[in-house]
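Shared between the two complexes below is subunit A, which has subunit B as its partner in the first and subunit C in the second.
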Partner chain A sequence: MKEAYLKVKNLTKHFPISNSLFRRTGFVHAVNQVSFELYQSETLGIVGESGSGKSTLGRVIMKLIQPTAGEVIYKGKNIFNEPEATIRRDMQMVFQDPYASLNPRMKVGDAIAEPLLAHHIVTGRKEAREKVCDLLHTVGLQPEMYNNFPHEFSGGQRQRISIARALGMAPKLLVCDEAASALDVSVQAQILNLFNNLKNGMDLTYLFISHDLAVVKYISSRILIMYLGEVMELADTEELFSKPLHPYTQALISAIPEPSTRRRKERILLEGDIPSSINLPEGCKFQSRCFKAMPECVYTHPPLSEVAPQHYVRCLLYPNQAGG
Partner chain B sequence: MIESRTFREAFFRNRLAVLGLIGVVLIALTGILAPILREYPSGYGSELYNQPSAKYPLGSDSMGLDIFAEVIWGSRSSFYISLMAVAVASLIGIPAGLISGYYKGWIGEVIDGTVDIFLTLPTLPLMIIIAAVMGPSITNVAIVIGLLAWPSLARITRNATLKISEMQFIEAARSLGINSKAILFKHIFLNIAGPVLVNLTLVMATAVLAESGLSFLGLGDPTTWSWGTILKKAWDAGAIIDTPNPWWWWLSPSLFITLYVVCFNMLGTGINDTLNPKNRED
Partner chain C sequence: MPGLLEFNNYSMGFLNDEGQVINMMDNVSFAVQEGRAVGIVGESGCGKSMTTLSIMRLLPNNAVVQGGVINFQGTNLLALSQESMEEIRGKDIAMIFQEPMTSLNPVLSIGFQIGETLQRHQPALSKAEIKEKVIEQLRMVGIPNPEKRYSQFPHQFSGGMRQRVMIAMATICHPKILIADEPTTALDVTIQAQVLDLMSKLKVNGSLMLITHNLGIVVEICDDVVVMYAGRVVESGSMVEIFDHPTHPYTRGLFAAIPTLTHNQDELYTIPGSVPVSTKFLPGCRFAPRCTQAMEHCYTQVPPERELSPSHLVNCWLEFEQRGEG
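Presenting the complex of A and B:
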């Protein structure tokens, strides 16, 4: 059994909505009771459509947002009870929008050097400059770009700069929040390959958040499917693609476009949109759109059960076999 | 500043900005060098109501004093008042705006409420009352102007901060473990420096206008020459309605006030244009 590197336990985040100063009208249930373990040196892909809470989950794990409830256990301690500095160097994040995640008024070299100096990883301007040039080289950019401003770069180059900035802290875990989604397909492939090379070279663990199952399939060793803030299915990548159990997963996989001229046999079409996360459905969160919905789905909330070793599903179709 | 070199290059390519800067520097130099340029005008002169001539470049007034000397010494006090007012306004206004924009909770609400209260106060009557209570001294006048200028500066800082603090690179900086002080005074301040600097130049300009107004109403320091004081003396002597009209007496201080305001505005616009890196590609 592999060692759990990071344990997420019943993590919940509800955002209060208030339309006046004193009245609280409800909550956005962004993340609900999410639990999973992240293993050393793996890439866990988190997939879900817009509004499924995957980005919020990433931010809570990064301690950028305080959770409503739940724990993230790292090195035996709950990170929410620890001072900020303990996790900042080990966990880093690459953001979605390469055009917004760099300060437009700072030279990219200074932007990469800033956290190095703030955390005393390097001492002095000269050493910082050398380190920054190394980092630029690592992500496939020229060291001469030190003095350029972000607007002089393309989206892919900017994303490389963001990655270099995160790598400067020598992190062990990299949370990639839609890190390739804003790029066009060929650049996307370059960035994904860069992620893979870095992982092998630096023994990184990834939490790869994306809405694109094809991208996640390419890069992940395990995949977690989210819907309305809940874990729907969690399994190894091969297992998930060969034996998708949850109807939602099946629908997602059937929606991946295939580069083929033959007509596809079947495609599962889901109707409607993701329900509002303010007033959650009572039973299964997915039953309103599920093509296999049964009457009991409306009022019974299915638990997440391990139906095969390391394969978890939240669906009433699969009674709990492993745990009993 | 990190980008000082490129900023300087782009700034000097902007003709309007350079013109404004030259005007501001000239007025500042005149003020600083006033004791060397002309003797402090006081007492009585022998030649009243002289037209502009070689001896009196801007003419003389009803007491026979050299108006050129008065204007030079006036620019000294005007510049001093502007600097003091800006110092007072930015010491209160910029941190207040940054903090209320970045920490949105109750502390932001309290600061924003205070700004609202100050913005609703009628400036001119309040200025007159405070100036009257505090007594006529140009430092007092400058502090009063600064105290009444900070809310607008705080509001502008806050609005710009609100916009910038929601951007992803601020979140990125937080996830990189940069502390709040560095985020506020470096990341955010770099990005709001444009509107803030422009507003500061406006405060410099309005400070002179306000001072002239106060002096004209007789609430300035009667022992110090300022452009407003010259105008007041011209008005008291009836120079504005007299025939034949000693136009040089009231025209030169008015022109200098206008020039001062226009130069600072051009400088502010120039800084704003230059600070945006997208405008300096070619």
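Presenting the complex of A and C:
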């Protein structure tokens, strides 16, 4: 049994919304009671459609937003009770939009050097510059690019710069939120390979958030499927693709158009849209779009149960083997 | 056989601040046959969107047409007057854009916006007839409760529903050719599946030109494929030919760079570098700097067009095996 590196327990984040001044009229239930363990040196892919709460989950784990309830245990301590500086060096994040995450008026070298100086990893400008050149080299850019500004780079190069900046802290965990989604296919492949090479070279653990199941399949060892803020299924990548159990996972896999002329199996078409996360359905969150919905799905909220070793699913079709 | 819509050696470029024209699309030729769906494939900066804007004559102000013709039913669209072009837009050639939120007017009702097209092209229709037709159209694209939805505004629709509205608007005059520019890129996969399903059902009624970077979508919908790179057509042919025998180094790289669900890939193939900007285009093959098989003359001489089979053309200096009827 692998050791848990990071434990997420019943993490919940609700955002209050108000129509009129001073009066709360409801909550957006972005993340609901999410629990999972992240193992050392693995890549856990988090997949969901827009509105499923995957980005909020990533940000809460990074302690960028405070949760409504729940804990994230890292090195035996709940990170929400610890000062920020203790976790920031070990956990870094790469964001989706490489255009928005770099300051346009700052030389990219200085942008990479800033966190190094702030965390006293280097002493003085000269050492910082050497370290930045190393980092630029690590992500496949020329050290001479230190003095260039973000607008001089292409999207793929900017994403490399964001990665270099995150790597400067020598983090153990990297949270990648749609880190390759804004890029063209040929460039996306370069960045995905870079992530894989860095992982092997620096013993990183990834939390890889994406809406693209094919990308997540390529990069992840385990996959967590989210829908309306809840974990629907969690399993090893191979297990998930060979035996997808949750109807939502099955629909998601079948919805992806494959670039091959071989005859494909029948597509499962889901009806309607993802419901609003303000007024959540009472029973199963997926019940309104499910093609296998049963009458009891409407009022019974299924628990997340382990139906096979390390394969968790939240669905009434699969009663817990332990009889629960 | 002449196509419904034909590009013949069409070239265009942009005027820069010094008054020089920087070439973007160079000698682009392909045809959309009647009743067939053509997929235009390439990454950003390959000239896909300039292709559609050229057809609709909606190019930005600093764009310059450098030569060639775009024939639609035998008439050169580039030579038409502004008035006759307006007759064609929306009636014979209709378009669906990528971002449904920005292409709908937020302060006008959905029903009015769809009806406007009918009003423009069929002025004889009465208001009641238009409303009836619009509701019928909304029902056809799968919008539940069309009578109620008719008077609602774009913000009351979800992304997938907005794209259905766009499709309803584009198809209400039964255009001979429908141009869809990345119609599902802004949508979630399950919603994308719904929209693709709808588009393949509507396809039977006319020609379709689908602009996309997603090769999976091309398989679902298209009969023919045109692969573009840096403003030039690098490979074209029937969908089956291109997908079963991708030939141009760029096409092959594109296929190998995509993570798929069916194959287990240890490492993705990557095309080094990225698409050049138009000021840095080479005189020879524009893909040469990224090509692993580039030879010396690739950099200086425009590659020839070769026929690999009756339904497969490739523009490359490399020697390829000829194949018989695909």
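By definition in this document, the second predicted complex is superposed on the first by the 320 of 324 C-alpha atoms of A that agree within 3 Å, B and C clash if a C-alpha of one lies under 4 Å from a C-alpha of the other, contacts with A are read in each partner's own complex, and residues count from 1 in each chain.
One rule holds for everything that comes next: a residue touches a chain if its C-beta (ideal position, glycine included) is under 8 Å from a C-beta of that chain, and two chains touch if they have at least 3 such contacts.
Source: prediction; values computed, not measured.
Trainee: Determine, under the contact definition given at the top, whether A:Phe15 touches first (subunit B), second (subunit C), both, or neither.
Mentor: So A:Phe15 meets neither subunit B nor subunit C here.
Trainee: Check whether A:Asn193 is in contact with subunit B, with subunit C, with both or with neither, and answer first, second, both or neither.
Mentor: A:Asn193 contacts subunit C only, not subunit B.
Trainee: With both complexes overlaid on chain A, does A:Ile274 touch subunit B (first), subunit C (second), both or neither?
Mentor: second
Trainee: Contact-wise, after the overlay, does A:Arg165 reach subunit B, subunit C, both or neither (first, second, both, neither)?
Mentor: In the superposition, A:Arg165 contacts subunit B only.
Trainee: Just checking: does A:Arg88 make contact with subunit B only, subunit C only, both, or neither of them? Give me first, second, both or neither.
Mentor: After superposition on chain A, A:Arg88 lies in contact with subunit B alone.
Trainee: In the superposed arrangement, which partner chain does A:Tyr146 touch: subunit B (first), subunit C (second), both, or neither?
Mentor: neither
Trainee: Who contacts more of subunit A, subunit B or subunit C?
Mentor: Comparing subunit B with subunit C, the partner touching more subunit A residues is C.
Trainee: Mind sorting out which residues of subunit A both subunit B and subunit C touch, each in its own complex?
Mentor: The answer is that subunit A has no such residue.
Trainee: What residues on subunit A touch subunit B, complex-wise?
Mentor: It comes out as residues 62, 64, 84-85, 88-89, 92-93, 95-97, 100-107, 110, 114-115, 118-119, 149, 151, 162, 165-166, 169.
Trainee: Can you list the residues on subunit C that touch subunit A in the complex?
Mentor: 43-44, 158-161, 188-194, 196-197, 213-220, 239-240, 243-244, 253-255, 257-262, 265, 267-272, 274-275
Trainee: Which subunit A residues qualify as touching subunit C in the complex?
Mentor: 49-50, 154-157, 184-190, 192-193, 196, 211, 213-215, 217-219, 241, 251-261, 267, 269-271, 273-274, 289
Trainee: Given the complex with subunit A, which residues does subunit B contribute to the contact?
Mentor: 2-3, 167-169, 171-179, 182, 187, 190-191, 193, 275, 277-278
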